[in-house]
Amino acid sequence: MSAHLLLDVADVSKRFGGVRALDSVGLQVPHGAIVGLIGPNGAGKTTFFNVITGLYPADSGIFLFDGVSYFPESVSQVTKAGLARTFQNIRLFGEMSVLENVMVGCHCRSKAGLLGAIFRFPATRREEQQIQEKSLALLAYVGLSDYKDMQARNLSYGHQRRLEIARALATEPKLLALDEPAAGMNATEKLELRELLLRIRADGKTILLIEHDVSLVMGICDHLTVLDYGKVIASGKPSDVREHPEVIKAYLGQGAV
Amino acid sequence: MLRKLVKNHPIHNAYLGLGVIALVVLPWLVGVGGGNYWVRVLDFALLYIVLALGLNVVVGFAGLLDLGYIAFYALGAYSYALLASPHLPNHFEVIASAFPQGMHFSPWMVAIFSIILAALFGIVLGLPTLQLRGDYLAIVTLGFGEIIRIFMNNLDRPLNLTNGPKGITAIDPLQVFGITFTKPLDLGIIQIPGLYLVFYLFLILAVLVTIVCLHLQNSRIGRAWVAIREDEIAAKAMGINTRNMKLLAFAIGASFAGVAGVLFSAFQGFVSPESFTLWESIVVLAMVVLGGIGHIPGVILGAIVLAVFPEVLRGVAEPVQKMLFGHVIVDVEVIRQLIYGLALILIMLYRPGGIWQKRGDQ
Amino acid sequence: MSALLRVEDLRVAYGGINAVKGIDLHVNQGELVALIGANGAGKSSSLKAIAGLLTPTSGVIQFANQQTNGQPAYELARLGLGLVPEGRGVFKRMTILENLQMGAFLKSDAKAIDRKLEEVFYYFSRLKERLSQLAGTLSGGEQQMVAMGRAMMAEPKLLLLDEPSMGLSPIMVETIFDVVRNLSKNGMTILLVEQNARLALQMADRAYVMESGLITLTGPGSELLQDPRVRTAYLGE
Amino acid sequence: KSGDKAATVPADGIEVKIGHVAPLTGPIAHLGKDNENGARLALEEINKAGLTIDGKKVVLTLVPEDDAEDPKTATQVAQKLVDAKVVGVVGHLNSGTSIPASKIYSDAGITQVSPSSTNPDYTKQGFKTTYRLVATDAQQGPALGNYVANTLKAKTVAIIDDSTQYGKGLADEFEKTVKAAGLKVVTREASNNKATDFKAILTKVKGSKPDVIMYGGMDATGGPLAKQATELGIKAKIVGGDGMCTEKLIELAGEAVVNVTCSEAGKALSKMAQGADFQKRYKERFNSDVQIYAPFTYDAVYVLVDAMKRANSTDPAKILLAMPDTKMNGLIGNIAFDSKGDMKEGVITLYDFKDKKKTVLDVINM
Amino acid sequence: MDIFLQQIINGLVLGSIYALIALGYTMVYGVLGIINFAHGEVLMIGAMVSLSLLRLILGLTSGLPGWLTLLIVLPVAMAVCAGLSYWIERIAYRPLRNAPRLAPLISAIGMSILLQTVAMLIWSRNPMTYPQLLPSTPIELGSTGATITGKEIVIILVALAVMCGLLFLVEKTKLGRAMRATAEQTQIASLMGVNPNRVISITFMLGGALAGLAGVMIASNYGNVHFYMGFIPGLKAFTAAVLGGIGNLQGAMLGGLLLGLIESLGAGYIGELTGGVFGSNYQDIFAFLVLILVLVLRPTGLLGEKVSDRA
């Protein structure tokens, strides 16, 4: 079963004082899929991301990534293993340029060490060259080429979101976990984002997506898991989930299109 | 900047040549125009450049506020003082018999030793402070600096390791390739005074350190540091091992200070804990911030300004008063302090990002 | 009807970057006006300039019959201008209750404040459950509720909303828009910046479309909904 | 104001510069200024009286510098004085600055007379240029120690120092002496020279019930220390060195001063033939009281001028050559140097403060 | 046993002094997030001003009881320090509000040098005695042998009272809320109608007044003043504030008391604890080691908030 699963977690719990942010949550992400994680505000989606990426220690949980069991303790290890994420409250390196932000993303896939940095061996220089080219390509990929020399903190909100995606892609993840990438985008921009996500998938990546935009989620996700008050209340194909009464009640609302 | 200069380009080569010539004749110009005093001031300014660049790696690049930086300088200084002075043989039979000629380790060996020692201490300081942020880190590093100084001050008993507050005297002068830096070097046609020789030696060190810093800044490691400074969580999410990177910053900054300390102690011939007070750490930090934190040319400028400026005041406070009022109305040193304090404030007010900050950082 | 807010030839620049390049707009007393546009069009910059958080490079801003450009935000707040900023801007280290109390900073009538609090809880019952939780630990959506609630506490004459639906679940989006609609119905004047252009246009009396720092289209909301340029650029059709 | 009254150099005369270095900023700036004042007073007197060397009228000028108690700054100002062609230097105040600077003076062949550096190492470096006018810690410590052992007949002592060169150095020497005399050092404590609160240390000292407490440190800390000792109900006698042996101590220690006995590494101002007169002139000129070492800097200038006269030259090298033969009856007493540059006839004076007046208890000739 | 008790008392008194300074420090830090390095110097100026005033009063009449003189002098010193603080903020910090984080640190250091020098000009370089205004005869505590003086009791009480007053102000009043809001997000606070400049000025004046209070307390406790007297207590208080969790008022109090206790117990017992290898000369090391240990275990100080750093 788990052979074709990229991410397979079960029984993840996390509490903050009295708040049970996650209560025995399980989630599977097959290779090459786009899986959506949805749910009302405060349901625990971001917390789930924080836990699987090692930012918050889990109270309990079983974690398998690409068939290997892991315990998410160190964020950087998780990233190296191939799970990259973006942040709901954008966390760019504000003082750095847009290009540099992406170059930082290349950190874990490059290896120049201290001596390399100091002595600039030919190999180091070649690597730097590659990092730069790769980063420029990624900026073009998300449509930010024009802004490459701008300081990241000066970008508008929507552009910052794209930059986060580019930066995450630079870590060459197998699984890209996106926390509300469409927030702050208008419908047309969302369409572009949708294209981008599909392209990313087509390029062989798997995506785990937190998103409140129903049409986007329903449109591109192969599978949805719905959280409410830290519990999974529904899970399945988008078409099934959207009919689920509890989901409608807690999340979609009657007026949902 | 330098990197570009080094690239093979006729104009750049010309600039480089001019720069080298300017630096080579600088002590002569200064020495003839202002006397050896100014050459000595420059010598110290060069040491401060090394210190400030080292601290810049920690504070400027990695964003770790370090108020105990001078401790590493002290480690270097004491290493040389102990390994190249009669102090230990005088107080320990064993050592005296092991070194019948006295202890005279070469500055180079001690420098290498100090780099390693200081780097290790940098890591030792770094390890417990990894989760600390901002001012919490500042106070812990401050404590570390004081701890080292207090040890230097008190390790004269039960065993007399450091001679306590009395300090260590009779430290061997700098000696490289048979050139002793306290004596003029006779080249036949020309005699180079010792202080000038020191200038050249310190200059070489400062240039090397500058190049290392420039290279680090534009590297994968330099970027990782800045990323940590900007947002540590996001940096981790980029796969950066923030722990190792922070430790590396501490270690590198410390090692610069270690080398500088060795040279300082050899140059001065005397070390005592008084040279390594919190105030010295603050001065070096002020150099970094005042010059332009994170910006190498700025930091160099900051070090020069703060090393030279007080000495300029020393010279002008009296004549200027005499010119203005006909006689001295306020003591020179008071004026000097007043202006120094005021200058720190004013420079920050008019150039909050430093005298010479990065482009686009205004 | 007189214009409560009138903006003429407003320009905003950051260093060398011109973010807003001379826009004219007005909001009449009691109106709900939407401002839509792509990422980076300059919407937030315009709102910040109007609210006094940014000093415009040139132009005239008139609010409540006063010329207000260049006046600091706290003066404008006294005049009755409220802004729910992009990214919420809750006071993370203060409790929900304290955040709401901050909203009523300029009020001193304890009873009126309590009444207002109840009104806020009526719309956002979730907040009532967690009165003493630090706002920094709330989820994104919850924080948006705090920000809205906080602005409501001040009973502003003109409320500027910068993307209030951002990051909200569909059900919450409905709630928020209900609140906006209600506030508007009860006479509050609102200028709404929104990425959810469809909803915004449906609700708005009038709307402006902003592109690269300029206003390129204006008209009644329903009209703009039909405009093919709007449909392709903002409604994803 | 210490305004500048430098006499103008007459056409037929020459200007001769004498350097003075002490910390004029920082925590012990008051001592530094005191030193400078002493030197200035001497210089002005000499100029007023008129000085003729080798047939030329000589006008002395003082080149005062601030070393801020910092060894590195000390070497810079030393270099500056050398460049300025001073014929001799009075200073520095601290051993920690005198020592690094001495190398530079030595290289330049300029005489250095420190009024107050008491670290024995200062004159042990093998330089021909280093002189001092005070007894070393190695002399003062034993004097105090012997007093405690022989006169006070104490059996147990507690020792506290201020972690400085001076305080600790003195305390160490004291400790050696009393131990050799068979006394028991019940506890050895250290504070620092910027401390204000000594209660914890004193409480511990109180617990070890010493007959005598020895403090190695300055009056600025010694005063409060004595005061707090009284507040804790400590009755033991407190003895200290020259650093706290000041008139100021009476003020700083308040009532507690009657408990203090201290030594000065030279003659007492009151025992100096000209002491009272000096104090008066000093007060007139600078409108402040003598702190500690002003008489020593005062004499240091005279020592240099004396050498100048004997050499009949203002050439630093010649002055230096004349230094070893110094034999002078100065304000502080008889001044003559041994081969290292230390005072031959060190005098240590002991004081106490009965009735809150600094009174001489004993004079010990070394 | 009496010794131990005495050391505890010593520690509490010293700690209260640290706490008193740390409270002012921490409050200013709480609002602006800057280390006001000049705080110690404001304290010194407070002590100096009060000394000048005391000399004046004592010159006019000598019949007033000490506590009354103190009550006359104290408000003046506090007012002067409040005013001084106000101007320090206006001149050295306000223009740097949006500057890089370390810029105000440097201008604060400049300010500290400046104030010291000015004090040196006005009040000379000499240490001066400060009249004894409060009873300093030791009071025996029962039969324990431990003693405490009247002035020490006053100091402990004043520190406690100040903390309670500040806590009430910051936690329970509208001004306090405005202070916290400004501290967190100045711009947003101004959207609520808070005039950030005013709030910051008020905070600084309060901090200055507290420094003045601390200055007078220290001066009358130790009985002497010096232009350099502010630097070390300032540093210690900063350490105390960090130990307790900087920005947190109870933390400042706790940190101050703790630091005082650590220092006094350190000075008293390191020797015994280490079998005589180390002594009171290592008391600062001891204090810093405790500090480091505490911060390793609790990176934001004893009572510092857990940073609500959500990703």
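Before moving on, here are some points about what is shown:
Letters A, B, C, D and E name the chains as they come in the text, with residue numbers starting at 1 for each one.
Here is the rule we use: a residue touches a chain if its C-beta (ideal position, glycine included) is under 8 Å from a C-beta of that chain, and two chains touch if they have at least 3 such contacts.
The chain list, named the UniProt way, goes like this: A, B, C = ABC transporter ATP-binding protein; E = Branched-chain amino acid ABC transporter permease.
On a predicted model such as this, the values are computed, not experimentally measured, just so you know.
The chains that touch chain B as well as chain D are E. The minimum number of touch steps linking chain A to chain C comes to 1. Summarising the inter-chain layout, the chain whose CA centre lies farthest from the centre of chain A is D.
Remark: chain A and chain E have CA centroids separated by 47 Å (rounded to whole angstrom). Here the spacing of chain C and chain D, counted between their Cα centres, is 74 Å. Centre-to-centre separation of chain A and chain B, using mean CA positions: 44 Å.
Within chain B, residues 153-154, 233, 334, 337 each touch two or more of the remaining chains. Among all residues of chain E, those that touch two or more other chains are 117, 120, 281, 284, 310-311. Among the residues of chain A, those in touch with two or more other chains are 46, 55, 87-89, 91. The touching residues of chain B, counted against chain D in their complex, run 34-37, 40-41, 44, 153-154, 156, 164-167, 169-170, 182, 264, 268-272, 274-275, 311, 314, 327-329, 331-334, 336-337.
The residues of chain C lying in touch with chain E in their complex are 51-53, 72-74, 77-78, 82-83, 85, 89, 91-94, 98, 101-103, 105-106, 134, 136-137, 150, 154.
Taken together, the chain B residues at the contact with chain A in this complex read 212, 215-216, 218-224, 226-227, 229-231, 233-242, 248, 252, 360-361.
Chain A contributes residues 16, 38-43, 46, 88-89, 154-159, 180, 183-191, 212, 214, 250-253, 255-256 to its touches with chain C in the complex. The part of chain B that touches chain E in the complex is made up of residues 59, 65, 128-129, 131-136, 138-140, 142-144, 146-147, 150-151, 153-154, 158, 233, 278, 282, 285-286, 289-290, 293, 330, 334, 337-338, 340-345, 348-349, 352-353.
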